[in-house]
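Report on the following structure.
Per-chain residue numbering starts at 1, and chain names A, B and C are given in the order in which the chains are listed.
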Amino acid sequence: MTAALSQVDRLAAIEEIKIVKARYFRGVDGKDEALLREVFADDVELDYRGAATDPVTGFNASADATEEIQRGGDHCARLVANSLTGVVSVHHASVPEIEIIDASHARGIWPMVDRLLFPQGSAMREMIGYGHYRETYIKERGQWRILSMKLTRLRMDFVPAAERSSTEV
Amino acid sequence: MTAALSQVDRLAAIEEIKIVKARYFRGVDGKDEALLREVFADDVELDYRGAATDPVTGFNASADATEEIQRGGDHCARLVANSLTGVVSVHHASVPEIEIIDASHARGIWPMVDRLLFPQGSAMREMIGYGHYRETYIKERGQWRILSMKLTRLRMDFVPAAERSSTEV
Amino acid sequence: MTAALSQVDRLAAIEEIKIVKARYFRGVDGKDEALLREVFADDVELDYRGAATDPVTGFNASADATEEIQRGGDHCARLVANSLTGVVSVHHASVPEIEIIDASHARGIWPMVDRLLFPQGSAMREMIGYGHYRETYIKERGQWRILSMKLTRLRMDFVPAAERSSTEV
């Protein structure tokens, strides 16, 4: 069914997957649809359900596309690239746990923080979220790509526009 | 005394140790005693002395278990899992320096930020700390585990409860 | 012209470069000129132009050495080590994209956040910046070193001294 991987091929796969995730973050923060399309598998599934709700307080910041699982490389690349129009986003990851299952399948857990700075005139100045991505990967057309992504939250902070800093008028 | 490691075995050991640290963080933030027990060596030593004091101002936030070195896998797993009851914690690492000494010994330096959100009714809303872990690792029962951990601080921020955000009632 | 690298040598080079960057950050935050000198190539070029300006608001926090490209290992190590006197800095990276070009050349992209806490009496309490380093590396005297570094920004936050927290008197 699947080819056994050598130790070095396994390590190379882990590094490739880390770079795929780095490019995903760069695609999101750069609103780069072409780059996002490359990192997503054709049958990618993005599950952001509940990812705009603070698990500590139950406060929900949004009721948009995050309510349903999103499917398909073209659709998801377009959705993610356009979902943050006017928003300055910064996504940072901490150290991941990546497990290579076989030569073309893998899974991983990524701790993350995302910071969304909303445009002038928004009721909310900023959202800062902490959580984990649980992902699967597939090697498709010679490259590792994200096949599924589920985002869970530890905590979310919402900063009202009234707290906008004096240097940001 | 010790077997020389091949280049590929050395790289595999580095990646395994990164995953051990990732699981440590996931164990801390998930209050998962079983997971913490796995990442700790039987003779682990945790040195959090001074880790609740801001080196910039000298402000000390706590005078608890961090005053003594903690020893032993069972004790430390239980202590860490229970030390943050009611607290939402987020620990993130930056890029580490891991050095493999031989087939079963290694050391590493990890930059980190930890964010502790205290429960309603606490005098302090939040503590955000920046610093480094200096660690040693041992391969025990076929797995790399944390043998010692010393946490030092660059800076700590303490946020009084009065600054609790309006979205966090 | 250049020797082809084996897969394992390529992976080892990537890990070495990550450690070089980790040491760069530790050198900056520790104001350690000797450590910085080691991670810089003799002909290093640091391009921090525009790195003190928030691209969101256009606010510019500083008009100092960041106005010109800085050149040379000795000069840059001294400059970086001394540029943050009295400032508590914390630099954290997220997951990088490192590409090995040949046995002695590489390039990389690093997402980062830097936090500068200014001393008492400064008009500004704190600067928090988000952006990317785009770097090249060269293997010189047997070690990978940073040959060029260009810092771009996604966002910068400036916190006036008036917002200094009550615990930091």
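Everything that follows uses one rule, which is that a contact is a pair of C-beta atoms (placed from the backbone, for glycine too) under 8 Å apart; a residue touches a chain by one contact, two chains touch by 3 or more.
Because the structure is predicted, anything quoted here is derived from the model rather than measured.
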Upon optimal superposition of subunit A on subunit C over Cα atoms, what rotation angle is obtained, reported to the nearest 5 degrees? 120
Note whether the interface between subunit B and subunit C is symmetric in residue numbering, meaning over half of all numbers used appear on both sides, and answer same or different. different
Separation of the C-alpha centres, subunit B versus subunit C, in whole Å, is 25
Out of subunit C, which residues touch more than one other chain, so two or more? 8, 11, 92, 94, 96
Which residues of subunit B touch subunit A once you look at their complex with the stated criterion? 8-9, 11-12, 15, 18-19, 21-23, 25-26, 29, 88-94, 96, 115, 117, 165-169
Note which residues of subunit B are touching subunit C in the complex, please. 7-8, 10-11, 14, 54, 56-57, 59, 92, 94-98, 109, 111, 113, 130, 132, 154-155, 157-160, 162-163
